[in-house]
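Both complexes below contain chain A, partnered by chain B and then by chain C.
Up next is the complex of A and B:
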């Protein structure tokens, strides 16, 4: 073997190794397609990927996708914003006012371990099956991680900084904006990220259990109707939605706390 | 007044007041009994469930699924995570796939899993295992990749082979991350256990909660929610306890 051919081979191997992850995904998708097409797995539950993608494109073009995803996004955003705002305010108050914390922390600790979906049935009794119930349960889900993290962050402000600020007679608002908020923000954002994923799960679940619109409802509807291509298309959409939300969040987080490097 | 009493009293007072307030509101007709029964009524139902042992059937059903699903998901997650952390090739191979599958809300997979596995234990355990797997694998990879290279090189110099290196050096060094992942996972696993029982259930606590709601047996519904809360609390507590036992060295080394 000549020298050049080895180096070409090596380079090819290195390139292959770098892209092995993408290749694995491509191979799995091909296997999926082939297994469904060749009749290896004959089942209505196992449509080829190409059919699913076609269904997805059809939904996008017909505008059905926007109709399905619109209510989901609306509920999610509304519930999430309410939940994290309330969580940040409560967490911050707890950290700053010890008496309030001693009074209300046990209540929160009692309610926190209840898995959010278990609260959907009682909320249905109170609020019906419409948006109000869904937004509420999403907000409740988003609330807890942010409240707990904010409390931790705001009580962990380095006392030395506060003492130095006081020595220089820094104004309270300035202490708040320059010391307390910056050292709490990374914790608040960490809580918000946990909430993001949980809130999306609960959005879908609430639409599945008590729905008349949204991706979760569509998913169950397609399952019952044995239109599995559309069902998988909806799952793809949810995956993309989750990935986009997370990527957007990470981008915002980097900008907001560009100076913060978590310990390895 | 002892110090701990001063710490606990305000919280206990607020809870007692809240329960009393709800009780009074129900008795005076401010809240419909069909929406929210008096806490004392829920307590009585709860007592009945506990006293005549009705609680054990559904509770053990849900817990058994959660335990099996969690064991499968966590074991696979730790194994793959360690391997990916140790062999960069495996990391490059699997990382994109995991990143692709991770953002899917696992609850959305329940309808798809129903098609393949039916509505029985196989489907429920699979969805729990899936929900548990991802946080564990991601945290384990993070932990295993962050192990101090000096530790690894020292072990290699002393002639430790790759498998005992993984078991004796990398696994313990990543344990704090693994535990963090597992605590996220146990909460998610319980959520999935409840959801799968609600969507396609014939038994278990999740099924009972939604079944009682549909039958307008509201007191029973609340009683089961209380039981579920206790389960969630105890599971988290047990994991914390295990973490403290197994990671007694972690806090002290962190400080130095």
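Up next is the complex of A and C:
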């Protein structure tokens, strides 16, 4: 009797702890709803969650949000792919060719700490306010974490492996493909994951400053149109998009470097 | 095939003749122009002119880039990203004073002769702020420093017994101003429409409009114009003329239809503001032509507030299209 009741309790507790993340989100949203409905917070910029969800459904059904997200995703993917590709190539070259590294490292180290949004005003002057400027700034953002990580990964290849390979007179391409790339890949992927979140942020920021399409533009437009429910709806979509991209990335990462088990 | 094409071209020519722009020529293919603007009520003549086809009639296909906030507009115009750009008079003159080669090509809007107008100085009801004098050492929210709102607020402070130098101006975007005021982050705010009306609806028990610094310090004063670079004007006089004419047509429509249901729909279409929110808000005065004296007044004001040092000759800043009375 007592035994079953304990197990029921334990199971409930286990279920609760499994879903605790979702429950917390639900609780926070409820708190939001209550604070807006009760008049605790009265502001045009704080609509109840229920109103936001209605706006979200309406904007999805009308196709408006899809239209808004399309250009954002396009710029993000294009800039991201260019940025991480360039980052991986540059990082790898730096690690393998010390002369190039000595030449370019000071430049990279100087540019790296500059927040990408700070570069937008000068870039507008040279690249305009269209996709070219936005994709460039996204690519620059995605570039650095991957370049730095790749460099570290590629120069940190276990020397013993290389020595053993050389002892067996393994061909250079084989050394590259079987030793260098596999031991660098986890670093490259870690860099790519950092870039993913940063690039998404910069995509939206670049759209907020200039241009006429995308989620960033929509956020500002809706604020100025006194339609904050629609603005939050777009923010919710962004949150979902970010979580989805990250989950997709983790799934791909697991397959690519299945042998590499981090501490977790 | 050839025949049908000729027929099509003939049809086009006929259509152009019918729309009374014959002789202007070359209108079979539309000239693409790019205009930087802000999606606000002030931009109505341009945006409605586009949706009503007035620019097409003049042979122009307009691609607008609405930049909320507008900070990137003038640099983009200077860089040649836009052919024309909307700007408030103060920011435009500031840019010209800094050496950017702009000229006014059409009028924009002005304030009303008296309040309520498009922006009011708001404060908390219990805040004790009733004049510029009361603002000494206090925080006043403006959307940008050194723009039209800022300079009119400063002028109002000095005119009502205060010293604008002793007021700390805080930059806050329009949509957040009333929140900042209600939560005591600022003591007063230069709030424009529709945020002013919405703020009074939500917090009428806590905030009030103290004064209307725009019309209060400069009745019918200038607010905004459209600009192009001298280089572009010199190279494309015909396009500038067509732009000004189409724009004037838009202004004409706006002046005749302001306040109607069709007007609400047309403004709502590009601002995304719900039509019912547009009802009853104070609108800017849409100008057909620029009055040079009003620009001169602004230059003088900017000299007084030391944000403009260069001596500017008004006559040189205004392209003839901005002074021409077009009729439709």
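Basically, the second predicted complex is superposed on the first by the 233 of 264 C-alpha atoms of A that agree within 3 Å, B and C clash if a C-alpha of one lies under 4 Å from a C-alpha of the other, contacts with A are read in each partner's own complex, and residues count from 1 in each chain.
Just so we're on the same page, a residue touches a chain if its C-beta (ideal position, glycine included) is under 8 Å from a C-beta of that chain, and two chains touch if they have at least 3 such contacts.
Every value quoted in this text rests on a predicted model; they were computed, and no experiment measured them.
**Q** Quick one: is A:212 in contact with chain B, with chain C, with both, or with neither? Answer first, second, both or neither.
**A** second
**Q** Kindly classify A:28 by the partners it touches after superposition: chain B alone (first), chain C alone (second), both, or neither?
**A** In the superposed model, A:28 contacts chain B only, not chain C.
**Q** Does chain B (first) or chain C (second) touch A:242, or do both, or does neither?
**A** first
**Q** Between chain B (first) and chain C (second), which, if any, makes contact with A:128: first, second, both or neither?
**A** The answer is second: A:128 touches chain C but not chain B.
**Q** In the overlay, answer first, second, both or neither for which of chain B and chain C A:99 touches.
**A** The first partner, chain B, only.
**Q** Is A:45 in contact with chain B, with chain C, with both, or with neither (first, second, both, neither)?
**A** In the superposition, A:45 contacts both chain B and chain C.
**Q** Mind working out whether A:223 is in touch with chain B, chain C, both or neither, as first, second, both or neither?
**A** In the superposed model, A:223 contacts both chain B and chain C.
**Q** Looking at the overlay, does A:204 come into contact with chain B only (first), chain C only (second), both, or neither?
**A** After superposition on chain A, A:204 lies in contact with chain B alone.
**Q** On the superposed three-chain arrangement, identify whether chain B or chain C touches more chain A residues.
**A** In the superposed model, B touches more residues of chain A.
**Q** Both chain B and chain C touch chain A; at which residues?
**A** Shared contact residues on chain A: 45, 121, 124-126, 208-209, 220, 222-223, 228.
**Q** List the residues on chain A that touch chain C in their complex, please.
**A** Residues 42-45, 121, 124-126, 128-129, 208-212, 217, 220-228 of chain A touch chain C in their complex.
**Q** Where on chain C does chain A make contact in their complex?
**A** By the definition above, chain C touches chain A via 39-40, 64-69, 71-72, 75-76, 78-79, 81, 173-176, 178-179, 182, 194-195, 198-199, 202-203, 271-274, 277.
**Q** Can you list the residues on chain A that touch chain B in the complex?
**A** Going by the criterion above, the answer is residues 17-18, 20-22, 24-25, 28, 45, 99, 102-107, 110-111, 113-122, 124-126, 194, 197, 200-201, 203-205, 208-209, 215-216, 219-220, 222-223, 228, 231-232, 234-235, 238-243, 245-246, 264.
**Q** Touching residues of chain B toward chain A in the complex: what are they?
**A** 7-8, 10-15, 18, 34-36, 89, 92-97, 99-112, 114-116, 146, 184, 187, 190-191, 194-195, 198-199, 205-206, 209-210, 212-213, 218, 221-222, 225, 228-233, 236
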